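Inspection log for the structure reproduced underneath, given as structure tokens.
For reference, chains read A, B, C and D in written order, and residue numbers begin at 1 within each chain.
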Amino acid sequence: MEKVCIFLVFFCPQTQQPPSTCIIMSKGTVVLAYSGGLDTSCILVWLKEEGYDVITYLANIGQVEDFDAAKKKAESLGAKKVFIEDLRAEFVEEFIWPSVQASAIYEDRYLLGTSVARPCIARRQIQIARQEGAQYVSHGATGKGNDQIRFELTCYALYPEIIAPWRIPEFYNRFVGRKDLMEYAEKHGIPVPVTPKAPWSMDANLMHIRMDTLDLGSHSCQSHPFHAPADLYLMTKSPEDAPNSPDVLEIEFKKGVPIKVTHVKEGKSKDTPLDIFSYLNEMGGRHGVGRIDIVENRFIGMKSRGIYETPGGTILYHAHLDIETFTMDREVRRIKQGLGVKFAEMLYNGFWYSPECEFVRHCIDKSQESVEGKVQLSVFKGQVYILGRESPKSLYNEELVSMDVQGDYDPCDASGFIKINAVRLREHHRLQGEHHSKH
Amino acid sequence: MEKVCIFLVFFCPQTQQPPSTCIIMSKGTVVLAYSGGLDTSCILVWLKEEGYDVITYLANIGQVEDFDAAKKKAESLGAKKVFIEDLRAEFVEEFIWPSVQASAIYEDRYLLGTSVARPCIARRQIQIARQEGAQYVSHGATGKGNDQIRFELTCYALYPEIIAPWRIPEFYNRFVGRKDLMEYAEKHGIPVPVTPKAPWSMDANLMHIRMDTLDLGSHSCQSHPFHAPADLYLMTKSPEDAPNSPDVLEIEFKKGVPIKVTHVKEGKSKDTPLDIFSYLNEMGGRHGVGRIDIVENRFIGMKSRGIYETPGGTILYHAHLDIETFTMDREVRRIKQGLGVKFAEMLYNGFWYSPECEFVRHCIDKSQESVEGKVQLSVFKGQVYILGRESPKSLYNEELVSMDVQGDYDPCDASGFIKINAVRLREHHRLQGEHHSKH
Amino acid sequence: MEKVCIFLVFFCPQTQQPPSTCIIMSKGTVVLAYSGGLDTSCILVWLKEEGYDVITYLANIGQVEDFDAAKKKAESLGAKKVFIEDLRAEFVEEFIWPSVQASAIYEDRYLLGTSVARPCIARRQIQIARQEGAQYVSHGATGKGNDQIRFELTCYALYPEIIAPWRIPEFYNRFVGRKDLMEYAEKHGIPVPVTPKAPWSMDANLMHIRMDTLDLGSHSCQSHPFHAPADLYLMTKSPEDAPNSPDVLEIEFKKGVPIKVTHVKEGKSKDTPLDIFSYLNEMGGRHGVGRIDIVENRFIGMKSRGIYETPGGTILYHAHLDIETFTMDREVRRIKQGLGVKFAEMLYNGFWYSPECEFVRHCIDKSQESVEGKVQLSVFKGQVYILGRESPKSLYNEELVSMDVQGDYDPCDASGFIKINAVRLREHHRLQGEHHSKH
Amino acid sequence: MEKVCIFLVFFCPQTQQPPSTCIIMSKGTVVLAYSGGLDTSCILVWLKEEGYDVITYLANIGQVEDFDAAKKKAESLGAKKVFIEDLRAEFVEEFIWPSVQASAIYEDRYLLGTSVARPCIARRQIQIARQEGAQYVSHGATGKGNDQIRFELTCYALYPEIIAPWRIPEFYNRFVGRKDLMEYAEKHGIPVPVTPKAPWSMDANLMHIRMDTLDLGSHSCQSHPFHAPADLYLMTKSPEDAPNSPDVLEIEFKKGVPIKVTHVKEGKSKDTPLDIFSYLNEMGGRHGVGRIDIVENRFIGMKSRGIYETPGGTILYHAHLDIETFTMDREVRRIKQGLGVKFAEMLYNGFWYSPECEFVRHCIDKSQESVEGKVQLSVFKGQVYILGRESPKSLYNEELVSMDVQGDYDPCDASGFIKINAVRLREHHRLQGEHHSKH
């Protein structure tokens, strides 16, 4: 009974027959998130075969890609219209920056580079769907991953209907393995990649590259079973091959977001969001910063292994944490930290466009009002070292904290503070003692 | 009125006169936490002067120290009895291990090496006080720090009376600067250190070394104002001087604590808590692992700057996080993560011996039942890289997560999952739309 | 595309034809949670028609029911076997008691009487399925509610396959309204109820009665649109008709659960879990205690209106809260309170049999070790009034708190406590001032 | 050593002699929070005796008081200036309303009527101190309570120096019991109350009356040891004596605060904050609403018993909760609920004027944007019954939730939702099974 979907069949609304025999009229227009790769090219053709007009949409969010080639490919495969959109600036300003403010990190390790790109990509796709009067949006995300959810929750929050081929039995039963896609591609004139597929899937954008679902037990370098191969990484140099001396950077923050980065020795600086982030990627990449190999918990309840490289994001995470602790009241920070954990979960699970995420972003933004100042740090051999910080809004009071100067502080007060904090502990102890003495 | 303590005067209970003129009889016995340094040596003599019998107590928790010399010094200064106690094994097993289980980290960065030592030291001091029939315990912690609190809350929880000279006006008004202590020392035959005092205070134990309250604006290396000097570190090599090739270690966990560490190439291994931790310190130290320079929020409400080096603790933090995520259910981990944040705050604030900390330790311990397996990692140039993990209790299911095999998973289900998750978002959107359309 | 399920058709695995034309062989055995009502009677017959052997299972969890009649009805409709199981005692001890310990309350108001019954019922059903070698379990819960989830998550956690007719298009498209069920019943000899159906659904058990999805705009008493009708309630008297003088009860707790209840005036007492709970229901019911009319958030993302009456549970909630605060350390309670909120959400959402709920129950149970003592309270006209409490483990210290006696407390200490707490506030104020003065 | 304060002596700064022998010159001006009662009258005289000029300040926050008589008394006792300030409107709007928005409740029961008044009173006192150029503020709060903290943290946050006589040994050692105060009063021409003091202290304002530190074991009505006496209550009728038929009210909310209350039968309505709250007090008081008898945890670590009556506040708590759940997204509410718990703790502990409380108030206020609509409720015999609610921003969707209409909802989706939620549970179960089968 649970397997009932396997017997699922689509009847043609016109003929009341299964689709292969029915005369297809246009079922409407689909805006397909198109990557140029094998999967979404097959989907493009398949959707047309199914009777849809297909508009392709490819977002430039900083991945390495031949956008022109992708455009031509889409057109040659019959896309009614092709959109190539440069979203890099808005990706940094509207999606990465709030994540930096939030110190968003999933399960204490993952900086959410894929998660944060999805709502950015989907938002534009929906705008295009509206503008073009399309009835559907579609994507090539698989049925086991997080991205389908992130993509579709954005859509449902913002409006349209979705076609997810990898969850339609007719599609996924037809394309069981890569071989089926290859055959289909050859048959339909889709250019077929010549290199064998890597045993991992990849997601790349300005913030990070992610290699997913690498088998734990195979595909690993020979000397170390279970270890990821050394040639996996694309954005970052291996720390072993990185320069033998650090680069020192100064990042200036205002309201919790970077407004300038300066290479201290070279004097070079960047001051637009996209330039700042790109430069931090370059610096982090050169020094092998931001590589992690983790097992994480997907929203759908599985554990998966992810290998990530997030050079610029890792630098910013540390720098922001530093200036935040320097300028933010302890208790505000404690509450903000809890909100940040929630924000990271929402982001990971695909709830960027949700009332709760809007609410939390508003609160976190509020908390960042005084988070300003400069952080100096060095990047070296895979690591980020905070060297120092200064701020006009610093709550660090050198005189107050000094061991040689009393400042406006009376050590006597600490006695009372401690004793009152101990009242409860002594009561607990008194009661424990009473009970012990009775036995 | 606030400054009233300045006029505070002690009257001798015998003579009803200020103490300098009163004939002193023994006021009782004090167990003094004695470090062998200038401050606690002066306190020892001052307490005697004040009419107390003084027992000194020096805990070996892994700091570099000439314990014999300290013993002789205490005796020569008139200590009635001298205790030198090796607490290293219990420090690791009863204090560091629970912190590893909890992934205890304060304000996202500090691994709590000082905090976790205090209850360990104070516990033994109280045992000695009880055993020796002493009425008081005393310590040399300053009136602005966290350690006085950690020390004294342990005492109040467990029982005795405390003398904290640095909060007694008569003491701290007499010893305003280091010069006063030096003069007093010379006058009373206390050996005077010949090297000038560093502009920071230091706390060292098996887990870490901490340099505190370094002025932000001075005492820094010339080329980088605000930066900590390079020669500050004692437990860790500079990453720049560290070996050019990594060491690969395998750490085996059971119930969330390490039970074995193996050097993968050399085959060498350690399997008692103290040996494991010491070896991780050695490895981490060799590769410059665990250095941080942070501003943190003290319990008493000030921000202070701390420079820490925690080589073994840093390795364990990462390794434990990895095996935990691998073997622990996502939602259990989420709850445990919240408890760990609370635990870290309690630990930092000195509440180890409190009902809430006992409760939370119990809960965290429970959460670790299945946290077992092996983590392989490399240490290199200041960084810890997780290379892989395996576990008999792994919740990672390769078949389930595979993109090529369906496993016991139906992609159709994800559609329902997403749509139901979207019900709420669509309602929100519907209402927003209604309101917008009305305006 | 979204509506694709509407065209869903089952093919007979034997004949590869749609079911109406295929020769049915037994598809296996189903254990059906059977209530004796119209819906599950129709399901029983429909399942047989579909080719299943059906075992019915009716749990007695305290609802008012003619169990013998239900048994006969099931048999007459062709049930292969009929189980009537009295789960009342285990319901109280294993499910209600942990909820009392947790102070489990959903969205600040709902005491979770339905939620807590589901895992109890489903657990026994699965035991029966195992014992009888059944391949499936089935239930009559609708596709929009929480109960389907609670039921099925228990099943999935514990093992078998599920048939949920109200989510099978063939079933729900056949039985669109009550009329269809009535016709089907008549046709298949199912006794048809003569009274018209109330405009709400009802769920009754020992803990509460719940009236669900009452339309907000209709079915209400005439004088007050939107108000629930006065004759809705079954377990509780209307407060207006309740006795004009209170009953005073004393409830004794040990480890956070009631071990005895005594009627103070009458001297009557109960001391087994089922008797205690039943007696509290009687007392609460007599005085109209525990009625609420709320809108709540279902797990599937809708808001629904629920009218509840929880007489005994309401009394226990208040009494337990009182003895807990009396005997539990403040900070332990604060952590436990957070766990209790999480527990309530898990319970509501159907995750009783989940690793996280097992973990949280363990933690909460641990927190209750010292929660013992007696609470006196009165029930009167819909309200519970706590009158007083006493406990051998009380942390209330009359001398300490007295305004006339100092106890072991020095008022001076409060000055230091306040001043240290103010350090942070003054720093904040100082900085604000600085900034203001600059403008 | 701990008792050192007992030997504390003030030396006169002029003569370097103990104060009794020194010639007093004015030490500056004190603004004293003056209640007109015995304690603060004695403090007034004592402060003058100590050499201060005293300005008295009495805030009208809704308590029953003869303000004219208090004014005359203060003048007759030598107050340099007398301020009587009507703060009732700002108390409701700026302090009670945010608490209503937050659903602020301490330890699940206490509605914080005293806590919320302190920052309101202290704020004005500080304004007066500034305006009058006073160096000090003073109050009569005892050294064991919460109010001293609430008062003084406000002061420290906002600026001045504090004199707290009940924590100055010279004062509290002189006035050990009420007898000492009476003698002092007689000696200094302070009118002495003729009625014996009740065995409890009282705090009254517009929001509530609180009777504190009633001994648990005495001062109780004879028939029920430990019970509070029936004649204790002042704002509320005994439920037993309350009317035998309910009053039905309709409260209209906008942005989470009430903007109108209407008596449904009488048609009478109120629409300014102060009028609304006063009317709810009247209604609640008439029906005995809002009485609780609890043990609570003070900030200083003691448990104390408090008897409260909060008629209007209790009605608003329930009505606000109802309209909030009706109009607020589930997940926003969950986060807001957590913030509300934190807000309640801050408020209780005296941190209204703290950066964290300002931050949380801002966040909660944001969450209330859509909390609008009308709630109908009845008050009867001590209880508040929600009867119904309606709102233009309701997220309740009758069609969606209906069991008879599908609305925009496909029951099939629930299957996928449940199965995906079960993935994790099944993995857990699978692993448990594997382990079990091995043993």
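One rule holds for everything that comes next: a residue touches a chain if its C-beta (ideal position, glycine included) is under 8 Å from a C-beta of that chain, and two chains touch if they have at least 3 such contacts.
In this text the structure is predicted, and so the values were computed from the model without any measurement.
Q: With contacts counted as defined, which of the two, A-D or A-C, has more C-beta pairs across the interface?
A: A-C
Q: Averaging each chain's C-alpha atoms to get its centre, pick out the one most distant from chain D.
A: Checked the centroid distances; the maximum from chain D is A.
Q: Cα centroid separation between chain A and chain D, in whole Å?
A: Taking the average C-alpha coordinate of chain A and of chain D, the gap between them is 44 Å.
Q: Would you mind pulling out the distance in Å between where the CA atoms of chain A average out and where those of chain B do?
A: 33
Q: How many angstrom lie between the centres of chain A and chain C, each centre taken as the mean Cα position?
A: A distance of 38 Å separates the two centres.
Q: If you look at chain A, which of its residues touch at least two other chains?
A: In chain A, 2, 8, 300-302, 329-331, 334, 351, 354-355, 395, 397, 400, 409-410, 412, 414-415, 417, 419-428 touch at least two other chains.
Q: For a test of understanding, state which residues of chain A touch chain D in their complex under the given definition.
A: Against chain D, the touching part of chain A is residues 2, 300-302, 329, 331-332, 334-336, 338-339, 342, 351, 354-356, 359-360, 362-363, 366-367, 419-425, 427.
Q: Per the contact definition, I'd like the list of chain A residues that touch chain C in the complex.
A: Of all residues in chain A, those touching chain C are 1-2, 4, 7-11, 136, 161-163, 329-331, 393, 395, 397, 400, 408-410, 412-417, 419-421, 423-424, 426-428, 430-431, 435.
Q: Touching residues of chain C toward chain D in the complex: what are they?
A: 2-3, 5, 8, 103, 107-109, 142-144, 148-149, 152-153, 156-159, 164, 166-167, 169, 172, 177-178, 201, 213, 215-217, 220, 224-228, 239-240, 244-246, 248, 291-298, 300-305, 321-322, 325-326, 330, 333-334, 337, 341, 345, 351, 353-355, 376, 380-383, 385-390, 394-398, 400-404, 409-412, 414-415, 417-419, 421-422, 424-426, 428-429
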